[in-house]
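Have a look at the structure below, then the notes.
Note that the chains take the letters A, B, C and D in the order they are written out, and that residue 1 is the start of every chain.
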Amino acid sequence: MKRIEDFKSIIDRYDIVFFDAFGVLKTHSGLLPGIERTFEYLAAQGKEYYIVTNDASRSPAQLAESYHKKGLHFVDANRIISSGQLTKEYLELKVDGGYVAYLGTDESAHYIESAGLKTLPVRDVDHTNIDKVNALVFMDDEGFDWFHDINKTVNLLRKRTIPAIVANTDYAYPTSKHDVSIAIGGIAQMIETIVGKKFIRFGKPDSQMFMFAYDLIRDYRPISKKQIVMVGDTLQTDIIGGNKFGLDTVLVLSGNTLPQDAENRIQATGIVPTYICESAVLGPEALNL
Amino acid sequence: MKRIEDFKSIIDRYDIVFFDAFGVLKTHSGLLPGIERTFEYLAAQGKEYYIVTNDASRSPAQLAESYHKKGLHFVDANRIISSGQLTKEYLELKVDGGYVAYLGTDESAHYIESAGLKTLPVRDVDHTNIDKVNALVFMDDEGFDWFHDINKTVNLLRKRTIPAIVANTDYAYPTSKHDVSIAIGGIAQMIETIVGKKFIRFGKPDSQMFMFAYDLIRDYRPISKKQIVMVGDTLQTDIIGGNKFGLDTVLVLSGNTLPQDAENRIQATGIVPTYICESAVLGPEALNL
Amino acid sequence: MKRIEDFKSIIDRYDIVFFDAFGVLKTHSGLLPGIERTFEYLAAQGKEYYIVTNDASRSPAQLAESYHKKGLHFVDANRIISSGQLTKEYLELKVDGGYVAYLGTDESAHYIESAGLKTLPVRDVDHTNIDKVNALVFMDDEGFDWFHDINKTVNLLRKRTIPAIVANTDYAYPTSKHDVSIAIGGIAQMIETIVGKKFIRFGKPDSQMFMFAYDLIRDYRPISKKQIVMVGDTLQTDIIGGNKFGLDTVLVLSGNTLPQDAENRIQATGIVPTYICESAVLGPEALNL
Amino acid sequence: MKRIEDFKSIIDRYDIVFFDAFGVLKTHSGLLPGIERTFEYLAAQGKEYYIVTNDASRSPAQLAESYHKKGLHFVDANRIISSGQLTKEYLELKVDGGYVAYLGTDESAHYIESAGLKTLPVRDVDHTNIDKVNALVFMDDEGFDWFHDINKTVNLLRKRTIPAIVANTDYAYPTSKHDVSIAIGGIAQMIETIVGKKFIRFGKPDSQMFMFAYDLIRDYRPISKKQIVMVGDTLQTDIIGGNKFGLDTVLVLSGNTLPQDAENRIQATGIVPTYICESAVLGPEALNL
């Protein structure tokens, strides 16, 4: 583990950079000031990037648009890998017709539709269609009535022996400087405990997320894991996931892990990044090439 | 482990019978037909009973009244031990003034009020009173907006280092023949995982429930654990809890544990009741004394 | 939570003091220097004490003798409550004859013998006696061959549906300034996961430990929980256990919880002692009465 | 989920078959009688196979040799994917020199050596080399003194902030018709709980195992997940792992899952194989081509 002053030197060492989104590129109050320079430098150096995120609430196109609106025009939808895409791939390969019930917004149902399957919000499951429900997906924490639909989901899973897929493994996400909201991964965990069945989870730290991005790259160029670095703010997802997949990793201190806590948390968890760096933002001088 | 045909012979062997409520005395569709004979026989034999329940949604008086309305007039509020009473005792001993925030119905807040403390539904916590909140209690799964108030509870516990008490350890409860509802214990478990703090739980299988009943008895008569039997339908709460406290136990097959599953579940869990009996109901002939 | 400079003022506030042993009265290198003054002051003030410990490796008489050898002559065997005694009570009430198999030293088997039952070290379980084994007790981490006897225990529990009792819930204990050893509670936890059965655990933080001491006192004098304080060095056992039982609690910083970590750990765990005090040792001036 | 009478029809549907080893090809008493016909038929049909196993106790070459000795000459070392190989890849990518400490036999250390790193059995860790230990690997449950070396491992991980890799995620494995032995994955789990750090696990059900085999295939031929089927006897590893990776799956009833329990376990766990088949053995008539 080495402390690195300047994120530029990280970029210089690798050919491809994987970024976590929240806490690395943006926070609850918007983009990290100056983060566009990082992308400008990447482009200038002919380096590639991917954004690897557990956010399955919107499609990559919608996620990219939200970066554009915030002023980060470099972000391309094709460079966003969300756990929603793994969910889509699973559904394509493993579910043959029928309905896919889901908890989440209509937008999040995009990943189900794009797998060519019929969507059914949990609130609309009833005795006329329950036998045609062939999978359940936990997409997002919004878009449904918690009391009514969470209880309904428990009973759906007690009655039907179908795969339950969690498209976002996070338990909570920040909504302001001091507040968090429970993520769909936390709700799914509660339901899994109650029904006693085994759910399928997609998202960091699971290797399948990294593999998905890695495979995309290999489709158009040869690459070795040694040429890729994963940048994240969370030891338990970004760093251990990147490590296990065999990537070098950078812990940035702009999100979940506070500067004063970093060393303690690394020691306590035994999750060791290759580098620690204040943030992924480059100084203005970095672009004086 | 012995199979017993007739619950009468259980009563004959002990001086005091502890009953679980749900699945033993009543189900979602009302009282077990004939259960009043069990209480009539107990009275005729000069035996005592206690109902030991994880239901903290209402006061013992309200719980007793609900039995009376269903037609079981023998049940006395003084013989109902609910996990709510342990919560009340905890609050009396350990919380000095201020507010006690809670999730649950107004009725469930009875246990807080009766400890002489000021109640505050989580929905009413705000910046003017948050610093005066000295404990949080999970009372019941109804009486609040799940989305709004569960998230608010997470943030309350992140901001204030206060005890969080779970007045009902159950994860779910049946609402009809085929359906269940998530209990407040399941919600509390999710929040505990998310905030990473350690909650205080009251309810079976924890020994403190049995001790509370045992102490009540010792206040007016000498008693040994050998004279008491615990009757329940759930291995993981009633039976292991009773066993650990040192009581003989009876598994009845009128609730959670189906007749065809009983042996398998006992073997799989290693939780062995002293007796297995179809139900706690006595045949009409039992009263021909 | 209040910081208290002088442990004397704690004693002055209560009638009975419960002490944890390790980290409070002694460490791996012997008695805390000066701790005898605490006991002298207690005696002088007519206050009572109990030592409430998860150490089931030896009988209370042997534990008391070990204090005497170290120079603390005040400690009386009758004032030591070990989790071994709860195990003994359980066996007396719940096991009718046959053998009780155990992992531990011969000394630790004392608790089984004193329940009037026949002991059988796991290494001696064979096809001639396995059907007479009516309980298994995890007593201590020494006195057996780990590889051979831990595997044998797994298979015993797969073949026999009997209660498995853990007489010490701790996962590890310190053996020197920098080293720990795995305690029998850690081994039991591994076996419980592997066999998938539910074990019965005795020891702090479980209420039954505190109840046992409380009941002993009530046999000879009236007492309220308000008159007792629990003193310990570990938030997850001594403090949360004492709190839940309704006692005031003192966290001392002479053992598991380092002075620089105390506030952070309290905040992270949400386990709040009534008081924090450097140690349970009194200054020499305390005895100038 | 479909019941299939004849494993031949499974082979006919796919191009590549992934087999679990234990409970599918062999049991504690040797090869499944007739299993060589399955491999003969695969060869005759020009179909490929891979053996995907959590057994990291020996190298693929040694594993292949053990099949040859048992009489199954078709098995090629290049077609065996063990969790040891993922461990080797991790070490190559992520550990730069120094020692790799390990628990296991000398044979299991093969995977560390083949990553070009210096091996150090935990028993030989001492103050002269502890600072050069850069990773710890849990390889196998044999080859070391449990009491001495498991405790030593706990203290090594308390002193050094290094990655801990578990090369076999299983908790136990069968050693005879009625007995099991604790696997290194069970021991690792106990140590992880005690030291509170996060270990890196390789082995089914983790996707990285399947990905490793999939990547091997893609190096020499184009393939889609639809052309591969995973055959296993364990829902919690083979089937859920295969499902999650997007493969069709076959549950065979020759190992962990007994014929009479299959439906119940599928319903209880919610882990649904594509097919259920008595075993992977073909009848003699299958070869009359």
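The rule is simple: a residue touches a chain if its C-beta (ideal position, glycine included) is under 8 Å from a C-beta of that chain, and two chains touch if they have at least 3 such contacts.
Source: prediction; values computed, not measured.
Enquirer: Report which of C-D and B-C is connected by more C-beta pairs in contact.
Expert: By number of C-beta pairs in contact, B-C is the larger.
Enquirer: Report the inter-centroid distance (CA atoms only) between chain A and chain C in whole Å.
Expert: So the centroids are 45 Å from each other.
Enquirer: Quick one: report the Å distance separating chain C from chain D, using the average Cα coordinate of each chain.
Expert: Taking the mean C-alpha position of each chain, the two centres sit 41 Å apart.
Enquirer: How many angstrom between the C-alpha centroids of chain C and chain B?
Expert: 29
Enquirer: Looking at which chains touch which, would you call it a line, ring, star, complete or other?
Expert: Graph shape, chains as nodes and touching pairs as edges: a ring.
Enquirer: Name the touching chain pairs, please: which are they?
Expert: A-B, A-D, B-C, C-D
Enquirer: Show me the residue ranges of chain D that touch chain A in the complex, using the header's touch definition.
Expert: Listed in rising order, the residues are 89-90, 93-94, 157, 161-164, 195-200, 206-208, 211, 225-226, 236, 240, 243-247, 266-272.
Enquirer: Along chain A, where are the residues that touch chain B in the complex?
Expert: My answer: residues 145-147, 150-151, 154-155, 158-159, 171-172, 178-182, 186-187, 189-190, 193-194.
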